[in-house]
Amino acid sequence: MSKILWINPIGTDAFDKVIKDGLMQIKQDGTEVEVVSLKKGPKHLEYRYYEALVIPELLQIIRQAEKDGYDGAVIGCFYDLGLHDAREIVENMVVTAPAEACGHIAATMGYKFSVVVTEDLCIPQMADNFTSYGLKDKVASFKSLKMGVHDLHKDERLTIQKIKEKAKEAVENDLAEVVILGCTIQFGFYKEIQDFIKVPVIDAIIAPFKYTEFLVELKNRFGWTHSKKYGFQSPPISEMIEWGLD
Amino acid sequence: MSKILWINPIGTDAFDKVIKDGLMQIKQDGTEVEVVSLKKGPKHLEYRYYEALVIPELLQIIRQAEKDGYDGAVIGCFYDLGLHDAREIVENMVVTAPAEACGHIAATMGYKFSVVVTEDLCIPQMADNFTSYGLKDKVASFKSLKMGVHDLHKDERLTIQKIKEKAKEAVENDLAEVVILGCTIQFGFYKEIQDFIKVPVIDAIIAPFKYTEFLVELKNRFGWTHSKKYGFQSPPISEMIEWGLD
Amino acid sequence: MSKILWINPIGTDAFDKVIKDGLMQIKQDGTEVEVVSLKKGPKHLEYRYYEALVIPELLQIIRQAEKDGYDGAVIGCFYDLGLHDAREIVENMVVTAPAEACGHIAATMGYKFSVVVTEDLCIPQMADNFTSYGLKDKVASFKSLKMGVHDLHKDERLTIQKIKEKAKEAVENDLAEVVILGCTIQFGFYKEIQDFIKVPVIDAIIAPFKYTEFLVELKNRFGWTHSKKYGFQSPPISEMIEWGLD
Amino acid sequence: MSKILWINPIGTDAFDKVIKDGLMQIKQDGTEVEVVSLKKGPKHLEYRYYEALVIPELLQIIRQAEKDGYDGAVIGCFYDLGLHDAREIVENMVVTAPAEACGHIAATMGYKFSVVVTEDLCIPQMADNFTSYGLKDKVASFKSLKMGVHDLHKDERLTIQKIKEKAKEAVENDLAEVVILGCTIQFGFYKEIQDFIKVPVIDAIIAPFKYTEFLVELKNRFGWTHSKKYGFQSPPISEMIEWGLD
Amino acid sequence: MSKILWINPIGTDAFDKVIKDGLMQIKQDGTEVEVVSLKKGPKHLEYRYYEALVIPELLQIIRQAEKDGYDGAVIGCFYDLGLHDAREIVENMVVTAPAEACGHIAATMGYKFSVVVTEDLCIPQMADNFTSYGLKDKVASFKSLKMGVHDLHKDERLTIQKIKEKAKEAVENDLAEVVILGCTIQFGFYKEIQDFIKVPVIDAIIAPFKYTEFLVELKNRFGWTHSKKYGFQSPPISEMIEWGLD
Amino acid sequence: MSKILWINPIGTDAFDKVIKDGLMQIKQDGTEVEVVSLKKGPKHLEYRYYEALVIPELLQIIRQAEKDGYDGAVIGCFYDLGLHDAREIVENMVVTAPAEACGHIAATMGYKFSVVVTEDLCIPQMADNFTSYGLKDKVASFKSLKMGVHDLHKDERLTIQKIKEKAKEAVENDLAEVVILGCTIQFGFYKEIQDFIKVPVIDAIIAPFKYTEFLVELKNRFGWTHSKKYGFQSPPISEMIEWGLD
């Protein structure tokens, strides 16, 4: 039995129900799922500033989740905001995020992968993330839809059409062998794109959620979880209490 | 329900039972496991020549496994011999191997990992493999025990002592945050090393097996498996039949 | 005439006066300097969690600074926390931080540089930063003092002695041609180390401050400042107002 | 006097005579040449599976060649299959292969080279090979003819026309300064392409053969041949005999 | 007060006056400027041979400049010819050059920069230079005008039009966030291009000159200048005198 | 029949005879050899300044050699000074140099090579050269003898002893599989070191000379020589005549 928390780190619960419903369909039998979002804050995270604003509350949710007995938490945005911070502040709960999970899965499935993003402005930060994860040489290309996050589901046929075009360019021109949908809000599309393009199309909600289930099992069975040596070493509780940060 | 085949690609069944027993303890409830080895051939794979000799039979076992309804197969040697070949020749069965699985898991758990290998002569090939997997920048160091594969269990206390020394050097000098035991025959040791060194110590049998269970679930549920475009494209059956290769 | 704000992004003004005094001695004639710290929060930033907590207030200070007519702001911590976020949220004010400034200066002065950090746990994040700045191949090594930030000035002779040892190792063993003091609170030491080690020793307060004066001149004279295309594109004001983020 | 064996590692002698004739024209006076192919097996090696199947026989041929007094052997396929395995199993005979030889020669002749391959599916494996050889940064691009190996000589004018187009794209768009014909069966074309494109066009038969003559001279005169330390260390004969692998 | 020498390392004073006039407008109040060119030699430096011919006289000018009390010297060509040689032969004078200065500034201003060069033949050498400076991963692309140096000012409207086209391609297709004008003789154009393209456009005369003023201040105030350890270590004077090289 | 010129680019003929004698013993029957040095100039090239001073005369010798019917020229110093310049200024004569030739040969013989240099100050420039040649990832380490060039033959037993120590460290600690003697004046030592260390030890005179014979044969037989497109494009003769540079 494992308990996993999906966090939409945005100030709207607009996507909570649809994501919860989706996760209920794909979770393992023994997994309990909850989905939360933030009480306030930006309604999407296309900008670094928006990310910075929500990270403290996101980290509090994650810390509380560990206290509440969750085994794992997923940061539900393809920027993977606060991922390393969260791994530092938890004791041994698993924390994952979409880009990292999709990247490792995709790297196992093909020689190079391409990432379909919403807008060009996403690319520098995402490229730095894949570099930090050690996967830079597996990236064939980024392909931008030039659409905002909240437009993705306004006309779903149009969105799917655009993603198909970008996926085709990625596979034919950039020799991508796998396509990653580089925004959690591209949910619901992967199957149709995959049937069309004939290479694995990785969904940014399913992949990190299943990766979390996987890592939770590794943690619970073998004690393998984020290393607390060096990069993810936790601050001392006494210091946090003294400074009112706990 | 999934069926997974562990293949010891060596000409001895000396390790089959112990590995089967181990896998039975760590598998998911719904997983069926079988362990096989080769009818003849070298009894370890420290040399490239030995690998080359066993790959054709290994690939036949993998092809047959797919026909027999297996969902996944693990190539049980940290050289990951024949991994890419196998992904080409299967239709959509999952194929994994230790170094790739351990590498992706370890990269999720820490900034850099070190690999404890049996002998220095392993390092060039293994380093090339991690480069091919895109994980080169995550490798802190290789540490050599300077022991042959078949000596690992002769004096287990001695082996554990040596691994502890190498793990300590890796963590303290090379700043490894995770340690990988870079030979499947280092089985049975990870827990004691992990308790000693206080960072995740990844076992080269457990990790690829659990990774296979994970990938099999992704394949069965979402159709995500090794891309058949470009690098893993299968040869045409008609040609194989014509040439007597099927 | 230019106005520059130095921000100590920590919840203590303990270092404000000494840094202000230091900056008054090294600033150009036409530069106005102010030093601020945070109202509350952690008293050092050795942990990612602490960084995450202070970034929102840090960004508000930077936004306000631009409204108040500052030409440049320095984020006074060698982790360069919030640097890219800040460049996104300002309109055209210069924002700098120690690691980036020291890195570019050091790369101009020698083939490779080493960074003397307080503790090993700093290294993964700092290494990622230098990679993001494009300077990864210029890093000879990180050298850790194994001292906390607030211990650096407890026994200054001891600290200087330790830095000298690490600098010597860096120059002699790792062939560093330049040494960077990788923590702003190593202030006051560079000259003595430099006289000892006979290579440039870059101070993490002076370097980013002077780099800011330099960039401010480029901005004011030639319109060269952080590009607002892609990675540093600002969120739309209307959206921020609508969401109460302004 | 040196004896060199060219091996077409495919189950057809269709190309043996034409290659032998070609080599007779380009060899040095003191070189003796033989060309062999396999008794059975795939008739081309476009797939990894086909490579894996032929490697054991290829390695036996190479071992036997050393016993028969050959100074060098060339593995006649641009995938360089079994190259590292062969260097391990020989004692001090030279073994070469097309991609490695062409790559080193081309890197000496210009800043970047492009490789004209038969099909896109060749690229991942070949790219990994150039990375393993240390030449990754010298590759300007791969250009695919989208033709099978056995179609290359069906309509030679058409093939030459296609190679010219790809070579032109490589030179003009990708700034290649040298072009490599990335398949041994593109033999007979290099001169006409070279006259057209005005940069060196390296033939995948001539280059490795001449490189072998060169390395054989180094071996015979100075004792320089493949290092037997670490990566190419040979398995112990006693073990091979015991296991019936000799 | 600082004295800076701009050197046009070509055998014509055709550009001396216009560059001197330009520098007078952008220098700091306390800076003294002189501009010199060579007595004879090639009138542009598009070829490596031309560079090699002028470097000895260039180095003599730089050595003499240090004796004459200059604080800094700029090598006025985007190939940065002799930059490392000069840093070796001076004692502690600052020496800079356009590509290095532009690269560091541009890397501070955006994620990736593109360089607009005169001709394709410039690219290999310039790419190697950016690699040597550690900035290879910051280069989005090189864009060639396919114009000779001496044609740049023949029809300035045409030149500006071409640079605009190349800058637009760089920003829109290659996602450059900053554009560098990769030839000093593209002077006078940056403002108009910058107003058009809306990203920083770095001028190859202004940038290294201001960078020199900056480095001179660092040298004079903090003793930070080119490291004399290893790569820039000066030859012994006694030896130079003995060999008549002084 | 081929004619090759070895150039000692230093102002002393002290090494001409011994090198000529050595080359006579290792050349192919059909090769004519000449050795020249410079009329004046520095007597070693440990410093970049010294290199810069001799390059113009070196290039004139190389140009003249081509007019005199030489097929190839070797620049006899491990810094490979002027190598790219020379390839630009010749029409189609082969030009080689020690580091490039040794690097390509060594990369064929083992996974990684180490370079034994005279002094630490050589390393930055040599490291940049190997990067430019695309061989950076093949370098295991540089090992410094801390001896000047003219001391190498003062006490040959001592020098050999020191090289053995460094070679041993390289092989045992850095896992080098090949050792390069990184200075032409380490001539005469390779065999004894090689017998001792049991890996190929590449001599910096023999290797480039034989590589030149090899490239000359490729040029004469197949028209393969340095590409004249882009990086090595020659300046127009008319311009050189007009400017008095011919």
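Quick notes on this one:
Should a chain be cited, it is by its letter among A, B, C, D, E and F, assigned in written order, with residues numbered from 1 in that chain.
Following the convention adopted for this analysis, a contact is a pair of C-beta atoms (placed from the backbone, for glycine too) under 8 Å apart; a residue touches a chain by one contact, two chains touch by 3 or more.
Just so we're clear, the structure is a prediction, and the values are computed from it rather than from any experiment.
Within the contact network of the assembly, the step distance from subunit A to subunit F comes to 2. Taking the mean of C-alpha positions as each chain's centre, the chain lying farthest from the centre of subunit D is C.
Placing every chain at the mean of its C-alpha atoms, the farthest one from subunit A is found to be F. The pair with more inter-chain C-beta contacts, choosing from B-C and A-B, is A-B. For the pair subunit B and subunit D, the distance between C-alpha centroids works out to 30 Å. Subunit B and subunit E have centres, each the mean of its CA atoms, that are 52 Å apart. The residues of subunit A that reach two or more other chains are 111, 120, 123-124, 131, 175, 177, 230-231, listed in rising order. Pairs of chains that satisfy the touch definition comprise A-B, A-C, A-D, A-E, B-C, B-D, B-F, C-E, C-F, D-E, D-F, E-F.
By the touch criterion given at the top, residues 120, 123-124, 127 of subunit B touch subunit F in their complex. Listing the residues of subunit F that touch subunit E in their complex gives 11, 40-43, 46-53, 55-56, 59, 82, 84-85, 88-89, 120-121, 123-125, 128, 131-132, 230-231, 233-235, 239, 243-245. Remark: subunit A residues 111-112, 175, 177 touch subunit D in the complex.
Within the complex, the subunit B residues that touch subunit A are 26, 28, 96, 100, 104-105, 107-111, 133-138, 171, 175, 177-178, 190-191, 194, 198-200, 202-203, 206, 210-211, 214-215, 217-218, 221-232.
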